[in-house]
Amino acid sequence: MLEIDNVSKTYGLGDDRTSTVKALDSVDMTIDRGEFVSIIGPTGCGKSTLFELIGGLVEPTEGRIRIEGDPVTGPDPRIGMVFQSHSTFPWLSVLQNVTFGLRMNGVDKAERRRRATEMLDLVGLTGFENARPSELSGGMNQRVAIARTLVMEPDIVLMDEPFGALDEQTRLILGEELLRIWRETGATILFVTHNINEAAQLSDRIAVMSARPGRFKAIVENDIPRPRDGDTMTTAAFNDLVQRLWNELKDESRRGLEQKTGRRVDAESGDGAEAKAETRPADT
Amino acid sequence: MSVDTGGRLRGVDAVTAGRLLVPVALVLLWQALATVAGEFALATPAATVGELLGGFADGWLLADLRITLFTLAVAYALAVLVGVWVGVALGLSDFWREVFEPLILGVYSVPKVTLYPVFLFVFALGVESKIAFGWFHGVFPVAILTMAAMETVEDDHLKIGRSLLLSRWQTFREIIVPSILPGLVIGLRLGFNLTFLGVVLGEMFASRAGLGYTLVEYIVGAQIARMLAIIVVLVAVAAAVNVAFFAAEKRLGARGGETADVRM
Amino acid sequence: MSTITDIGPSASLPLTRSQRVKAARGAIVLGFLAFVEFGPTVGLVDPTTLIPLSAMLGELWTLLSTGALEPHVVQTFSAVFGAFALALLTGVPGGVLLWKVETLKEILDPYLLIYYAVPFFAFYPLLISIMGLGIAPIVAIAWGFSVVIVVTNTASGLAEIPEVYVKAGRDMNLTPRQLLQHVYFPAAVPYVFTGLKLGFIYALIGTIASEFILADSGLGWLISFNYDNFDVRGMYAAMLLVVLLALAVNGLLIAIEKRLYRRVRA
């Protein structure tokens, strides 16, 4: 279904493009149809880069990504993307947000409405059609974002820390909802997160990434039986898995943290970068 | 003043009443000045209104107004088109924005009126030179404020657009325009004001028609009442358009228009 | 947007980013200057409507060294400084008044906002009719054009002062007058300066535009006089002088402003 074939990505850093940073190094994985795969890793390990590479938003420096054998050279309609947070369009209503992609692709009004209504039902937002994103909670906004992506009926759904800005309870509830939606739609999901519990709760397989340059340090099979619910997370098997993931991740997190503070110093010494650095959130 | 709600209400009423009184006070001041200076130095408000109504009735004012408004409309439409295009294009590219921003701000700081002869050379004396000159005044604030508003476009929104394979036009219309709209309306208002000023200046300096032209013509005959009638029309056009823009800005929650720098 | 750049599949450029920005900007400026210099001589532009940059500079130098420009420079700057001084003397107290009397500010706010929407130069012919041709109507227009930006920036600058400075001053038992002199004004200097900077530039623009429309001397008048008399060389020389002066004044004021803001923020 989705092949990530030995992909590397190098960026030029800051003002001086002659110094480069290798964000991803020889990442290699094949994902089967209908699989739920999570990618976890420390801050700045290139998870989001991988997400954008698969989505066709950036090109790999080396290697290839293939969907059913076709190399990805740009955004592909078979792939749907869900972003971190605040990605709903504030100037549109919930219904208009969900029908946005359909409208842009020339789907007629009745069909748009039918599919959007179905999708809002799936994500549990029936009755909120005319609400504005600003009137909704963060969790509800992410439901809108998920519906907006799923309504396009992609074969593969990429999610970049979609619950990252939510509180723990909302995160758990939305996790369960996501599993239900996944079952009902049969989509392939690639889920980027830095939350170990979330990865263990949701996925079939979990790829653990190293600190920069990001590579797959380990790919862990998750054989905890489905359906999983809140009780699953108290079982010994679950805790073992979390412990195993944490062991893989521990050193990488520390390295990642060191790199991050090191990089911030770099970024701020550059010409004109000071003003920008002030307004930028800490982890971009 | 008391601090209870009644007092607060009276406070709000004082502001409203005060705002309504400002034009009244201006007219009274005008009347007083006219009385002191004498009718030949400064026409009274009543005489001006008389000329104004007469000007509409026998058409001299209306004909000039039509020419000025036509020039203004064409110049403004072109200023918006080019200004928004430049602002969006530069806003989308960090590199070109950095290249052009100081150049645009530099040209913006030059008194544009000095360059008017160049426009006259290129476009001759007809309406084209007035359109070009009005455009030249208006295009800068539109471009500069559009460029600033582009900072508010969310990267993720643009990425969603790309992942949905939106065309350039779709991205512009459906994502960029709604994102920048609050800042954009301020730019459009300032752009209008400067285009208007540019058109009137152009007419005043070298022209054969239009309100600005007629205004300067009346210096010779010292037709004060007619000059004032033209000024009243110009002020009315500016005020009406700006009030409409203020309403739009308020509805869109636009901020920062008060501090924006308007230059000619 | 971040400073991280996507270098794509294969890229190795020898220049840093800021060097490339400067190179591109320099190329645009040089391209423009080259167009002005060579356009008329190689036949891109009609040489009767545009003269080479070197000819403009030569003419400007001749006019400056013979002293032909001096009376016009003096006239223009007398009007600019006169108008600016008046704007300073009336605008700063006006701003303090608006800041002190909240109701007055609320009443006038919409009018101040709409002030610069009016094509201000329409009043100039009227003032000529009333005051006669000369420096007086020019100073009046330039003052009117500059004073309101001084008023609004002074008022908003004073409103910008952190409450804690004022509390500290009160704590030291300063009189209202001392408070104004030793706390409010020093703290508001950069903001007020922004108003004064714009006020000066507006006075300059107002003066030159008025002279341009109708006057009997001054740099703006010189440009329009030379235009009317087909003295293309003289016109471009005067135009170049005005552009250079405007850029210099602007650059100088912005440099001072930057220093002042650095002092408050440090």
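As written, the chain order gives the labels A, B and C, with residue 1 at the start of each chain.
The working rule: contacts are C-beta pairs under 8 Å (C-beta built on N, C-alpha and C of every residue); 3 or more make two chains touch, one makes a residue touch a chain.
Computed from a predicted structure; not experimentally measured.
Innermost chain of the displayed assembly, by C-alpha centre distance to the whole-protein C-alpha centre, is B. When chain pairs are compared by their number of contacting C-beta pairs, B-C comes first.
Averaging Cα atoms per chain gives one point for each, and the point farthest from that of subunit A is the centre of C.
With centres defined as mean CA coordinates, subunit C is found 50 Å away from subunit A. Inter-chain spacing, taken between the CA centroids of subunit A and subunit B, is 46 Å. In this assembly, the C-alpha centroid of subunit B lies 19 Å from the C-alpha centroid of subunit C. Annotation for subunit A: residues 272 touch two or more other chains.
Multi-chain contact residues of subunit C, defined as those touching 2 or more other chains: 1, 17. Residue positions of subunit B touching 2 or more other chains, listed in rising order: 98.
On the subunit B side of its complex with subunit A, the touching residues are 98, 154, 156-157, 159-160, 162-166, 170, 174-175, 178-179, 181. Within the complex formed with subunit C, the residues of subunit B that make contact are 11, 14-15, 18-19, 21-22, 37, 41-42, 94-96, 98-100, 102-103, 106, 109-111, 113-118, 120-122, 155, 189, 193, 196-197, 200-201, 204-205, 211-212, 215-216, 218-219, 222, 224, 227-228, 230-231, 234-235, 238-239, 241-243, 246, 257-259, 261-264. Interface residues of subunit C, counted against subunit B in their complex, comprise 1, 17, 20-21, 24-25, 28-29, 46, 49-50, 103-104, 106-108, 110-111, 113-114, 116-126, 128-130, 152, 156, 198, 201-202, 204-205, 208-209, 212-214, 220, 223-224, 227, 235, 239, 242-243, 246-247, 250.
Listing the residues of subunit A that touch subunit B in their complex gives 52, 55-57, 75, 77, 79-81, 83-84, 86-87, 89, 91-92, 100-101, 104-105, 152, 272.
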